[in-house]
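First subunit A sits with subunit B, and in the next complex the same chain sits with subunit C.
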Partner chain A sequence: MTEVALGFATLMDPAVLGFLIIGIVAGLIVGSIPGLNDNIAFAIFIPLSFSLSPTYALALMVGLYCACAIGGSIPAIMVKVPGTASSVLTAIDGHAMARSGRAGQALGIAISSSVFGGITSSLILLLFAPPMAAFALRFGYVENFSLGILGMASVIGLLGGSVIKGLLSAVLGLLVATIGFSQQTGFPRYTFGVDNLYEGVPFVPLLVGLFGITAVLELSEELIRDRRRGLAPRDMPRITDSLFIDWSMTKRLLPSWLQCSLIGNVIGIIPGAGMLMAIYMGYERISHRYKRLFAGKPGEPAWGEGAPEGIAAPESANNAVVASSMVPLLSLGIPGNSVSALFIGALMIQGMVPGPLLFLDHPDVAWMIIVAFLVANVLMWPISFALVRTISGLVFRLPKYVLVPTISLLCLTGAYSDENSVFSIGVAIVAGIVGYVTRRLGIPHAPLILALVLGRTIEDNLDNALNISAGSWGIFVDPIEHPISLVLILGAAAFMLGPIVTGSRKRYQARRRRAEMEVQS
Partner chain B sequence: MRVLKSIDFWSGLAFAGIGFSAGIIALGFDSSSFLYPATLSAALGLLGLALAAKACRDPAAKTGDAEGTHVILWGPALEIGVWTLWALALWAGLGYIGPAFAAVAFLILRHVHDRHVRLHLLQAAGVALGVFAIFYAIFQVPLPELEFIRDLLE
Partner chain C sequence: MRMNWLSKGLLVGLTLAATSAFAADYPSKDVHIIVPFKPGGGVDTTSRILAEYGNKHMTKGKLEVENRAGGGGIVGQTFVAKAKADGYTVLAMTSSVVTNPVLKETAYKISDFKPVALYNMDPEVIVVGAESPFKTIADLVKASKDHPLTVTVAGIATSHHMAGLALEDAAGLKFSYIPTKGFGAQLQAVMGGHVEMGLFPLGEIKKHADAGTVRILAVASDKPMEILPGVPTWQDSGLKIKRWTTFRGWAVPKGTPDAAVKYLSELLGKINADPAYVKQMTDYGFPLAYADAKGFTEVVDDYAAITDKVIKDHGLKEQK
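This part shows the complex of A and B:
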């Protein structure tokens, strides 16, 4: 309890609270602009956080992270264009509801559902992160190496799609992380005589490039495509009804909120699973419930045509992922998704080591982050209700052709501010090109980011573990001396084998079907 | 040859090239620091070859198109070119605001085909000055500004 009180005390500093609120407002605005998302917002804000004290910077980022998903639901409901990927399903029923003159109710359901999911997720963070961190303090080099491997395997395994591309992305990230002095011998690797690379590729410009510049290049591509297709701006329904949802609606949505929050929380804790998996699972589950209990009754629309549960399910699931994705980060130092990987960047900029040591070295900051998630979710409710009308009007007046160069300039100036060097701008531009090209090639970014974040630690732990075992790799699967490591390695193998087995089974079934059809014909 | 149009095939070969080149460079490192990067390089090379091989087997491999090339050239490639020139201008000591204004103005004007050129130039100036103010004045980042502007601000 004293630790929670410490977190509250740190957060209740008016300036810290102020930055949390600024983060919430900025998150609502950024999330509500189609094409922008929390990754871009972080890419812009991380360099700015240099000049802030750690508590201010982290409070700002917590607010930003929590509010982006709500922001994304605004254009999803108003014009059926999801502001963020996590609101892609909200657009279906949300926009149908708005078109039928109930835009206020749709937005109100989205906000209330997000806040509910967010609060449950904050409680999960509060309950699980500290004991897991205490357990992780027992880990040595061997367990930490295996943990890093498990983190990457889970990201690759849960991404879906090509395992080869996931592995390529991870190996590329690990290789880039080797650039600079070797931690064991001090030998410069892949520096090509460039002084700025001796300490490794500068982390902040790398993140800014991979997230911010890549997104700018994609937006720029989208602008050109829209112009070629002659797309006209969409008309927007007006908010004429109340934003507040009544008690009967709250009672009706409560089971959906609980189920989807549970799904979101479980998925959030698993590194790599991500918001999209949570919203699809939640939406699918609640669709059955809706069809069983409400569909076909008088006044109830069909599923996908304005059902309140169709908004409540994805919104509570996506916000339930937010704080719970911080559980592996704060307890084990493994980011749950790309945004929490950026959180690692923010902590490292402030000279802190993410993971269990954070609770020992900076308990005020660790507990402040946990408490900030809870407070941010509570504050988000009144702030969102107060601002949603203004934001929904403002967003559609922002011309994208001004937005794109503005984000570019913010990102590149932020990269410059890392070391006050043009070299950092170069790193951001190159990282942006790599990010854009790899995305077009269908190579997932999550393993790359995780490998960049964990690369040095993994190599360091591997070297030290092999020194202990006199070069024997058996140390990682030793059931007597290192049972935890064995479990982690088996978990990693299971994550990697999962998609391979599923893929083989699908190919086998497809071959069988083809053979049957040939026999029939 | 359909496979020659496959993006996966060529990207696999590119990754294989990067991996094996990195491996050759790693062989020049000292004996205690080469094993880890050399192993990763070999893995990257082999995974690249695996991707290319898979593209050869997959008849539905992703292929490029002419419209995509046009969009990339006029969108992302031009954007990168403009910002690279801006970075070179900073490096050459031309200050921050002037090159930033020029870059933003160019990027805005190429998308709009109306008569409000003055308005768009004002937008560009607002963006350049606004970002400069955020970093230079609020966050105290010593941006490479021309001497007279620094004197003016200080």
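This part shows the complex of A and C:
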């Protein structure tokens, strides 16, 4: 407890607290700008942090990391352009809700869900880091492969209307994920001699294109259509209702928050799993809950058309990944994801190394980071409510013909700054056009993105697991050596078989009912 | 004939004048250090630390670190190879500059660069998890007679993978390679017991060994290292490899004026003599090693010779 007090005392230095708050505000702004994210912001900030005291620099980074996902949900809800990858699912129900005149409620749900997820995550970091880190260490190649398969299995829940189109989308993602050098041979595949493709299609520009540029093209289409018909361009949704969510809504969302926070925390702790996997898995799980309990009731929209759970699920899941991704980093020195890996760089500049030694050599800094996550999540709540109107009004109340080029420019700048290369701008534009065309064809994007994220993980871990087992596939379902993997594989099988079983049961029941009716008549 | 002689003389004179003017002037503007990787990694951070200390000695212009990532370093390396040879574009040079043109179809050759100075040499170390049954190299050699040892390396055809191949050739060990992306994933595999051992550059693992989460069994340096008490060299452990190190330094495009090379080389020497710099680098675990242009060239040539052999013997070159 004395260590926690030390961390708290370090954080309560007015300057350190000030940097934490600056970080939160910066995170909200950075997140809300399409094309910018925490990764890019850190890459710019870390070199500047040389002259700062380590506690200042790290407090700022913690604040920014926590608030970025909230920031991302603002443009997702207001204009259907996700500010960060973490809000790609929020855009679906969030924007639909905003269009129906409840933008304030949508934002309020996003903020409250994020804060809830964030607080659970920072409590786990504060209270259970050592046992959780031991759990994380049990994830080797075998377990990570099975986790990837479980993640891919959640595609089933994201297929939307047409199964064929959904699977097509997933296959497209898997194919794009094979571009780049093969980890097993060290040689490039499908790069056509382009050096920039050697490490695979650059991921940040790809996502910026798929989310940002696609959305911009759709906005332009709407603008042109309205103009042809002689209509004035429609306004973007405005916040006309209250931001605060009432007690009955809170009570209703609580089970979703708990379930998605659990998913987010587990995924966050496992190194290399990543935030996108958490939001997709949470979204998929909660969609079943919504369809069972709320869909079809009066005043409840269909899933994907403004369901409060459709905002609550991804927003609580993504913030639950944040602090928990620091568990393996601080306890073991192993980065949980690409953003927490940047904390290594920030510490390194100060001559510090994350891991058990940090707690011995610099206990004040180590515990300050941990306490800062909790405090940041608590402060985030009032700060977000105070700023959300300003941020959403600042840019997004612009007329559409100004908004479209502004967002395009921001997206392309963000794509460029990822690797400082013009090639990345091309990637973003091509991905945007492909995204637009596929969406016009009714091909859902969720399976594509999940496959892009997981394709490489699955392939690399499969190869290495088979290297270890000398080619035996039994290693994935070995109940003694790899029980975690067995459970994950069974879970994946249940995900995949579930809809088939329920589907055929429904059909069977319908047939029986028909037969009974025929008998009666 | 006479005109020709005259014009030659004039040319030489002009060149001399230009060179001396250059020497007096250099550096008159910012010097860009190109890091061919994204921010946050070892090369990026050490480059930024160097720039921070180097700027204390710079009067006109500053050292500016610039990231040009992509292609496993090839994009940024090619950028410098094709840059203007005026001393204002410097490559943060790593061992991969030597092996990339041999392994892959790159647009540059190693001879397109002129080494400036060396600042860090990382000997390769053999690492096992804290709970591993292997206490010594002899244990590893014995186990390897029974089955190929699973060893995690940071990618196929990297310096670390080649170190493993060299060990197989020289010491008769048998390995099954588990390539991973980056040192963090390697650390996870070693600490979690998912592999039997790992090959790491010392700088990336030193602090974790200090923390007791992993053990270093042997180091590929010429003689035992002071910072690694009780750890034998590869040679002394009977592995029959005298030295295996990766390096970090600065290089410029070939044709860069000698005055600029000399200035930068001396600048790195001044930084290396700064106690605050020494403390910051050693705190993190980067073994410092300064060598001027001549010394660095020898290190590069030495490295090219040993890796060329491994690449040839094991057919690592990309087949077209």
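The rule we apply is simple: the second predicted complex is superposed on the first by the 288 of 521 C-alpha atoms of A that agree within 3 Å, B and C clash if a C-alpha of one lies under 4 Å from a C-alpha of the other, contacts with A are read in each partner's own complex, and residues count from 1 in each chain.
Going forward, a contact is a pair of C-beta atoms (placed from the backbone, for glycine too) under 8 Å apart; a residue touches a chain by one contact, two chains touch by 3 or more.
Everything numeric here is computed off the predicted structure, so don't read it as measured data.
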First (subunit B), second (subunit C), both or neither touched by A:I46: second
Partner chain in contact with A:G345 - subunit B first, subunit C second, else both or neither: second
Touching partner for A:V402 - first (subunit B), second (subunit C), both, neither: first
Partner chain(s) touched by A:L490 [first = subunit B, second = subunit C, both, neither]: neither
Contacts of A:F187 with subunit B and subunit C, given as first, second, both or neither: both
First, second, both or neither for A:N420, with subunit B first and subunit C second: both
First (subunit B), second (subunit C), both or neither touched by A:N467: second
Contacts of A:L174 with subunit B and subunit C, given as first, second, both or neither: first
Which of subunit B and subunit C A:L394 touches, first, second, both or neither: neither
Contact residues common to both interfaces of subunit A (with subunit B and with subunit C): 50, 184-185, 187, 420
Residues of subunit A touching subunit C in the complex: 42-43, 46-47, 50, 137-142, 181, 183-188, 193, 195-199, 202, 271-272, 328, 332-335, 341-342, 344-345, 348-349, 351-353, 355-357, 419-421, 423, 460, 464, 467-468, 470
Subunit A - residues contacting subunit B, complex: 48, 50-51, 162, 164-165, 167-168, 171-172, 174-175, 178, 182, 184-185, 187, 189-190, 216-218, 220-225, 227-228, 401-402, 404-406, 408-410, 412-414, 416-417, 420, 422, 425-426, 429, 432-433, 436, 440-443, 459, 462-463
Interfacial residue positions of subunit C with respect to subunit A in the complex: 38-41, 44-45, 48-49, 52, 65-72, 74-75, 78, 103-107, 150, 155-158, 161, 176-181, 184-185, 187-189, 191-195, 207-208, 210-213, 279-280, 283-285, 316, 318-319
Residues on subunit B engaged by subunit A in the complex (per definition of touch): 7-8, 11, 15, 19, 22, 25-26, 29-30, 32-33, 36-37, 40-41, 43-44, 47-48, 50-51, 54, 62, 67, 71-72, 74-76, 78-80, 83-84, 86-87, 90-91, 96, 100, 103-104, 107-108, 111-112, 123-124, 127-128, 131-132, 134-135, 139-143
